[in-house]
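Note that chain A is present in both complexes that follow, paired respectively with chain B and with chain C.
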Partner chain A sequence: MDLPWLPLALTLGPTGLWWSHLLVTVGVYALLGLSLNLINGYGRMFSLGHHGFWALGAYAAALFTRSYEGELPGPVLLALSAFFGMGVAALGGLAIGIPCLRLKGDYLAVATLGFAEIVRISIQNLPEGLLGGNIGLSVPRVLMEVEPATRGTFLLAWCAILLACVAVVALLVRNVVRSARGRTLLAVAQDETAAGLLGINPTRAKVATFVLGSALAGLAGALYAHYQGTIAPQEFTFLEMVKMLLVVVLGGLGSISGCLVAAFLLIYIEQALQLAGQETLPLGVPPLPASWTWLAQWWSVVYALILVLLMVFRPRGIFGPRELPEVLRAWWRRRRPGEAAR
Partner chain B sequence: MLLDDYLLNGLGLGAIYAFIALGYTMVYGIIRLINFAHGEVFMVGAYLGMFALRDLGLERLPLPQPWPVIVSIVTTLLLAGLGAGLLAVVIERLAYRPVRRAGRIAALLTAVGISLLLQNVMLRVFTATPRAGPVAREWYALDDLPEVAPNDLYVDRLLHLTDGSTAHDTEMVAAQGAALPPQTRERLAAEGEGGLYAKAEFSKREHQVFVLVLLCLFAPALWFLVKRTRMGKAMRAVSEDQDAARLMGIPIDRVVTATFFLGAFVAGVGGVVYSATYGKVEPMLGFLPGIKAFVAAVIGGIGSIPGALLGGLLLGVTEALLPLGLRALGWQEAFGWTDAIAFAFLILVLLVKPTGLLGVPFKEKV
Partner chain C sequence: MTTPLFAVECVRKCYGGLTAVCDVSLELAEGDLVGLIGPNGAGKTTCFNLITGADTCSAGRVLWEGRNVTSLPDFRRARLGLARTFQNIRLWADMTALDNVRAVCRGSEEAGWIDGLLRTPRHHRVERLVTGKSLALLARLGIERFADTRAGDLPYGPQRKLEIARALALEPRVLLLDEPAAGMNPAEKTDLMRMVEGLRRDLGLTILLIEHDMRFVMGICERIYVLDHGERIAHGTPAEIRRDPKVIAAYLGTESPC
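And then the complex of A and B:
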């Protein structure tokens, strides 16, 4: 498939390839963080099963693409399978949300974690012909075949898709929260009983949010599956759930731009550490001594440590529930107190 | 007979769940925190037990036969319990106490982080390779070996590897009920070690009975502690209303610390027995039993000690017998789905009776 930016892709070089892959990964985690933020941040529901919805979306989209491969043009197939993945994840969210959202905080956390475990166990135990079992499932390349020569184009295309999706989803989340329904959700999150007295149906507001969040996680799953080309149940573990939580909490529960910044920071540091001690580095990665490779190996420990330290010292995230412009403005004012007084 | 075995399997597993669930239920009862790291404390207990049993050498005490085994088992359980308890106290002091007033989500996230931290530190330090579980063994000197082997006999050799670490190598020398062949005896003696020992292991069945006996000791003791002692009274007071309890002069922090210690002590003991029963110790060992024990605690009614007992045993037996029944009905792969069944059971119980079987509904404050 010839795309208009093909000449550009050829000049990408190693730096461009590294950054493109980074941005795609950041995009996936930003989508997951944004959708989890809707549930955990704005909705104050405590879901620990987001990786389950992610997996649902990924597997549903993969199955869809596998069965309609070659019958539809690539981009159409990709869009349809993404919608299918979102739909299946939303159904999963509905199935788990209606019964469980009546539960209080921690019970909900365990019930959703249980759900995600059920999803993973099901994938592993269903017949291999259906979902691939432990071996995993390959997803046909719908946009283009990946060869060394076209790798740049492939990465750029995915970069564009992911960035567009993140932008749309960020706007969507912002608008949903600002809408009348979003306000009812915020009211329910603050005080369920009081909101109920105002004539709001708390369960409905919570279920709607939960379903939307699950659907967006499903979108992230669908895109991830098609980008990776293979998916396996071992990729959708509790560690991923903690990563998503970290994205949400680091950026501040209930902050969209914080979520994006946190996703970028986490993935950038993780990927940059992998390059510690290497000679040729992509532009924008500081040269790290080889002795730092231990940090890359201990990275999952560092994740956990960041989470604990963050909770102990800044339980509301680095910036709290504020958006980036607000934070910058406040910082600016503090640096130049005279100006703020004027 | 087969059903018998499955029932014992279920009860043994259920007893382990109950061991972990006791700690969950006590901590949740007092500060409303799901201590996600509890399963990892259980895992650390298993490691401590393994090292204590293997490296302290108490099994080889020069006493008449049943005594070294008894002494080593009791010491191992005590050490693992104390170590796990200490770990939990440190975790509580460093991580949970600062966030106790910061809201439930912050507390829960901290617990998740601690759980992940312990898992990954253990993964890094001890690698993911499973080690042999802490199975108590009867050791005999080569000279005063009984005429007929009371159980399978092994030789245990300590190997010094080139990288400086050590490993154990075992060789079976006589099957149960057979005598040690004279030539083997000569060969072992010729290896130059007069103190060469042989061992007799306990079976999985014996371990399962053992854990049930232990549970029968621990659960009433805990119940007595909570219901009949001063500390227990303080715990119940803190559980009911922290602020009022503080005004009555109850040292909240000390009570919470004591609760964590007790829960972790029991979990540490459970960890040793669990890893002995299933024969391996690995860093991820606590994750699934931990979550399932929480499921058990919820099923029984969280905050209630008899509830943890009932929930644990019920979940264990269900897990053992339900797949058996499903297989009898023609679903051949039922056993792969055991964990999924447990979680589905949880969701079902939460739906029908959110406070569990023996739980008291918490009052909603407006």
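And then the complex of A and C:
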């Protein structure tokens, strides 16, 4: 019998693969959200160019892997290419950050957006031998080949890798925000003039944060490239930027747990919608049975409804600037007096 | 003649056709407690902005121990030992009171971004030192019980005190207070007067303050500069200022000839 909730359990059955694929995608967006949260949330800078750093990381990791394929053991190559992707994205962040972070608000948004478009269109228009142009670039499989027999292991391995990376990055973001330098960033974000007059170098705090955020976006790019196996410039469009922004804003600007919850809620549903009706899926993941097409038909309504409800009831994001434990504590405190009255 | 700790020479600030501050000179010697007064719009806060580098001078020089710091950016001037508070409170509202002070406080050792990211021993050392110093400053101002309160949620009085604690975290030599007593009742003002005198005595600070409350200014300042319409119209001891006809005219107006 085809129980509708059965696929939710991450089994290795055909629908289980489908859900695992979604989970990896959620992981990538969680990484992107966390890194964008540093810049747009904690730093209160309005960057619209995060997809550019994502693309830089992805292409740098792809090129690195292609040049060292076979010369290094798979996991080492994966790790090194990820670091290389982060490094290139960080350099990009530095190159853009130094001139642009003197700009504020809308001006910064336009400048960073311009940068990301330059990255994408350059990739598209460079000779195909270099970056693959419009067709895209294939990334050699360094961990294992994807065959029907190993597909389950492959997806589970990537779920684990993404989960680990998201956990580490969340910890790093928390660490940096609660450190001496992190406090200078928060100060600059909240009142730059006061920060400058009290001995904090605003440009330095902003550029460092921007570079760190870019590097982490580069990590997301590198992992994405390895997981997908091919990357093309059409995947790094402004639409992706909007999705990242949704994750950050709806999760709560300046909330790590909010970011993770929002990534799960929004991207899972969005991807499920997008992929439910498709016949061919990436990595040879089998499509859902035809009896599941109602997902595609109705979830888009649910998705839109979630956005509307969030904007009405949680205009400052799911958690606002707070973290999950704080939200729960506040909620608990609100409930207690009511119980006492009863 | 010894070089003053801090001096402003003929600074001027023009906004388009309006001259907000015109050729004003001030001098502060080590340990001075000096007032800067004048009617509303006289250019007192603009003067502070020029001194601290929040605004650029159209003309004139700012000297620190005889060294020209006019072109130094604000944060570098602050690190020389020049701290200020703001007329309209400018705390970092979403940070706790303790973090407001810790953001400014620096140890002898500095922890970089990497130290914070990876939680190195240096991070922990600096964190312990800075937290201890900051808590001591909050205690000195009598607001240590608000350490974990969001700065924006503090009552008005503690907010003003937190601004002073935050400025002191710079370990300044010169402290500029912009209307520290604004909005306080007479009892609070008396407390504040004692506190300002105490800070000067205990920390060896040099203080320049803008204040509208004459009892406050006359009560604690040794010298007073008076500004009106962007120009320095008088300078002297409180007793001299009180009798100065130009000052009386600026505050009360003169009989018009017609």
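Throughout what follows, the second predicted complex is superposed on the first by the 278 of 342 C-alpha atoms of A that agree within 3 Å, B and C clash if a C-alpha of one lies under 4 Å from a C-alpha of the other, contacts with A are read in each partner's own complex, and residues count from 1 in each chain.
The definition used in the following text is that a residue touches a chain if its C-beta (ideal position, glycine included) is under 8 Å from a C-beta of that chain, and two chains touch if they have at least 3 such contacts.
Please read all numbers here as calculations on a predicted model, not as lab measurements.
J.: Given the touch rule stated above, what does A:Thr193 touch, chain B (first), chain C (second), both, or neither?
T.: In the superposition, A:Thr193 touches chain B and chain C alike.
J.: Would you sort A:Met311 into first (chain B), second (chain C), both or neither based on which partner it touches?
T.: First partner only, chain B.
J.: Who does A:Thr184 touch here: chain B (first), chain C (second), both, or neither?
T.: A:Thr184 contacts chain C only, not chain B.
J.: Using the touch definition from the top, say if A:Leu103 reaches chain B (first), chain C (second), both or neither.
T.: first
J.: For A:Glu117, is the partner it touches chain B (first), chain C (second), both, or none of the two (neither)?
T.: First partner only, chain B.
J.: Who contacts more of chain A, chain B or chain C?
T.: In the superposed model, B touches more residues of chain A.
J.: Quick check on the superposed pair: does A:Leu56 touch chain B, chain C, both, or neither? Answer first, second, both or neither.
T.: Neither partner.
J.: Under the contact definition given at the top, report the residues of chain A touching chain B in one complex and chain C in the other.
T.: Correct list for chain A: 193.
J.: In their shared complex, at which residues does chain A touch chain C?
T.: Result: residues 172, 175-176, 178-184, 186-187, 190-191, 193-202, 208, 212, 321 of chain A touch chain C.
J.: Mind listing the chain C positions that touch chain A in their complex?
T.: 52-54, 73-75, 78-79, 83-84, 86, 90-95, 99-100, 102-104, 106, 110-113, 115-119, 123, 126-127, 130, 166-167, 169-170
J.: Could you list, by residue number, the parts of chain A that touch chain B in their complex?
T.: Those in contact with chain B are residues 40, 44, 46, 48, 96, 99-100, 102-103, 105-107, 109-111, 113-115, 117-118, 121-122, 124-125, 193, 238-239, 242, 245, 249, 253, 297-298, 300-301, 303-305, 307-308, 311-313, 315.
J.: Across the complex, what residues on chain B touch chain A?
T.: So the residues of chain B in touch with chain A come to 28, 32-34, 94-95, 98-99, 102-110, 112-117, 119-121, 123-124, 287, 291, 294-295, 298, 333, 336-337, 339-340, 343-344, 346-347, 350-351, 354, 364, 366.
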